[in-house]
């Protein structure tokens, strides 16, 4: 049997994945993906994987969303330049 | 394909795939009934044979160290490629670095923000170094610590000191650190061969369990990975930030 | 224990990192020489490994982690002649590409050499490893280097899009592979190929094993560019720098198939032994579809690089059939075919590079009559096409006839016609290109709307030289020559048959790796030889078809009408990454469904 | 219930694929790719899990205590870090694509047909 907390985190992750994939606006998505990364980190933690959890926190919640935002800013800037 | 056709075609294929997938996973042992043997064997020899306490680090940097070498080079290659791709645009006239993200004014950090960020980045660097060096003892290691170290420039940016940071740590240096990390791993492997062992054989004395230098070559590899990961991710962040901050002089 | 096995991987990777670190201190020329020298040393290592592996499979445990009580702890390299041979091909082709590009790019930076060396190290590791997860790691490393090299010419629109399609499709393939590895690990608790094989042998395969087999095989088939996973390949080839195409077509795609074969024979062949016949049908169906789709698309192309890319798909289809026969002779034929194809196709791509360098274009209609000043290059192009069609003595021809004789024994005689169609259409397309651009035969402009639109292909070099530099022509000529006369190598056939036998020896492999028991030497069975009529017929038909198309207007019209039939397939090659992933999903689902139905 | 994590792994994989093929924005598409990838993590962490066992860190617990599998964790942890750089590479491609084509909508990228 699955302890309640694990089941709950799993269900949150499942919902989170759907929300990430179905959020069509990339800027909003970067925010959602950050939460999703955090959820995954919690999931790894409750499944006794602290090492993975630690790397997931720094990557999933910080580095990945940041990279996405920077790429989006760059794309937006290019659009502005084109308009000028 | 038209959008609708594609979506329909996908949904049909995906429902078949879902059935295949589910049939497969239902053949797995139920959750919590891990059967081994690989993980158990490795766990059993962590402390007795290598005098380290974190089995995951043992797997990464010793038992399956060769995998990690490959993984490290994936990181190295991707970073190289990003630098290559985004740097190409540098053929255009020289630009000044200035915060010019559209839709907002340049960051003029208040003194409080600046102090807090700098202190935080100091703490972050210390923490990162701690995580890297204690990889064989507690959860953490070169990968996690390296990422933490690489986010320090971010706080510098918040502090409005990105320019200074760039001046203090030129990209050239970060590049060299990254390459050194990648190269170091391979050289450790070759050195163990020169010492008469197999490639990446742990030939150094294992030390006392719980000590920061325990585990033979593990701390060395850990350090080189830390260098590579922090250097690599720092290059990524810096390249992306420069791309974003750069503004063509009109 | 010999110290040689890790070197083909460790040396290029270490040198690559050094070069990258010294990026700003090393001149372009120097870094080019360092890369060439490293690759040459690598080839030497690989040849040594090949020679040592012929008498007996080499097993090398990284970190000195020998198996304990039959449980593999560390990562092993398990080197048999086929794996070592592929590493050799990777080295030789990289060497050719590096020499070719030493004068090729005007702005080739150090990073190009860094990426090429990483690519080489990854391919060698992929060919030599005996560990499932390590195979995945090198698969990813190879892919990362390949994406980066694909997008190298970032100034033009097409490269980025082609690289993106390539990267997204292959990354999805990677995740299928990783999922499959996870399933296998859950079942067996092992990552070493031999140990997984031994554990799976003990129980009948359930749905879990079949699904894992599906995901792993499909993951590799994405790299192999088997239909319907092949869409990325022509985009990637059309946009990648020509020397890089040499590596894609000559070895990377083949390595994907090698991995399918390796994993099948070491891991799954034991537990699927009851349903070999069904699996044979499945693989041959995939191979047939690939061969026909590639051939059909190939003839309609006007961009030489894209044309050659589709020709690769078609020939890979024949190789999939060779493996798919699941017999020693089929696999030996596939190996022979691969060797011949690697030589001829690489030579062809280098010729395309020369044409692009000298004429500033590889577009069929732009080049009408303009390659007349490149007689040697066009001669090499024609020789390469002839070698692919199967002139007597070419590697492709002998490999083809080995595959046919193996197929005849299993009532798959009809595949003769598939390889005939593949050879005729792909070679005719190249002949047509040669005749049209060299002699100016044929119509002036494309009239039929069926012709695909022109793809942008910008020259990769500074305009220039009045003549082709020797560093460009010599590798092209040598490789073409190797493909054309491979079959004169004495005894190669027997060596390959024995290598295939060693490769397919499931229990011998497992005992060798886990128990350190050398596999018994086996006498190579003589295989009945087919005559060369098939190759000559292919060649004649190909020449006929190309001339028919160029010289006889009504013939051309009827061909164009036939091309309408291919229209549906062509429309599938939309350049849309969503389409490609949809096809990928379809492929995995179809393969999985078929496997579940056939193997239960 | 014991199969929940596996089913969820399959779900995440397919949802990611769906997002990918219906995507109208390359950055969105690449994020969907990283969602697909997270499905492999859920699968792997569940595979290595053992009810009631400790994390494979023997600092505070005596060696020999039942612990969860360390191999899948090692595999995942490197993959998490490495994949973010691959995503960065893909994002760089997306940025370049926008620069050259002026669009990030896959439906409007038309340089490579037939």
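A, B, C and D are the chain letters, set down in written order, and residue numbers restart from 1 in every chain.
Heads up, the rule we're going with is that a residue touches a chain if its C-beta (ideal position, glycine included) is under 8 Å from a C-beta of that chain, and two chains touch if they have at least 3 such contacts.
Given the structure is predicted, the values throughout are model-derived calculations rather than measurements.
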item	value
Higher-contact pair (C-beta pairs counted), B-D versus A-D	B-D
Most remote chain, CA-based centroid, reference being chain C	A
Computed distance of Cα centres, chain D from chain B, in Å	15
Distance from the mean Cα position of chain D to that of chain A, given in whole angstrom	10
Inter-chain centre distance, chain C versus chain D - centres from mean C-alpha coordinates, in Å	28
Chain A and chain C: spacing of chain centres that average the CA atoms, whole Å	37
Per-residue multi-chain contacts in chain C, two or more chains	133, 140, 144, 147-148, 151, 154, 183, 185-186, 191, 574, 576, 578-579, 582, 585
Residues of chain D engaged with two or more neighbouring chains	2, 4-5, 9, 13, 17-18, 20-22, 39, 43, 46-49, 53, 55-57, 67-68, 71-75, 77, 79-82, 84, 86, 88-89, 92-96, 99, 107
Two or more partner chains touched - positions in chain B	6, 10, 14, 17, 21, 25-26, 28, 31-32, 34, 36, 38-39, 42, 54, 56-57, 64, 67, 71, 74, 78, 81, 85, 139, 143-144, 147, 233, 236, 240, 243
Pairs of chains in contact (touch as defined earlier), listed by label	A-B, A-D, B-C, B-D, C-D
Chain D residues within the chain A interface of the complex	1-2, 4-5, 8, 11-12, 15-16, 18-20, 24-25, 27-28, 31-32, 34-35, 38-39, 41-42, 45-46, 48-49, 53-57, 67-68, 73-74, 76-77, 80-81, 84, 87-88, 91-92, 94-95, 98-99, 102, 104
Partner chain C, residues of chain D touching it in the complex	9, 13, 17, 20-23, 26, 29-30, 33, 36-37, 39-40, 43-44, 47, 71-72, 75, 79, 82, 86, 89-90, 93-94, 96-97, 100-101, 106-107, 109-114
Chain D contact footprint on chain B (complex, rising order)	3, 6-7, 10-11, 14, 17-18, 21-22, 25-26, 28, 30-34, 36, 38-40, 42-44, 46-48, 53-60, 64, 67-68, 71-72, 74-75, 78-79, 81-82, 85-86, 89, 137-139, 143-144, 146-147, 210, 229, 232-233, 236, 240, 243
Footprint of chain A on chain B - complex, ascending	31-32, 54, 56-57, 100-102, 131, 139-141, 143-144, 147-148, 150-151, 154, 233, 236-237, 240-241, 243-244, 248
In the complex, chain A residues that touch chain D	1-2, 7, 10-11, 13-14, 17-18, 20-24, 26, 29-30, 33, 36, 40, 43-44, 47-52, 55-56, 59-60, 63-64, 67-68, 71-72, 74-75, 78-79, 82
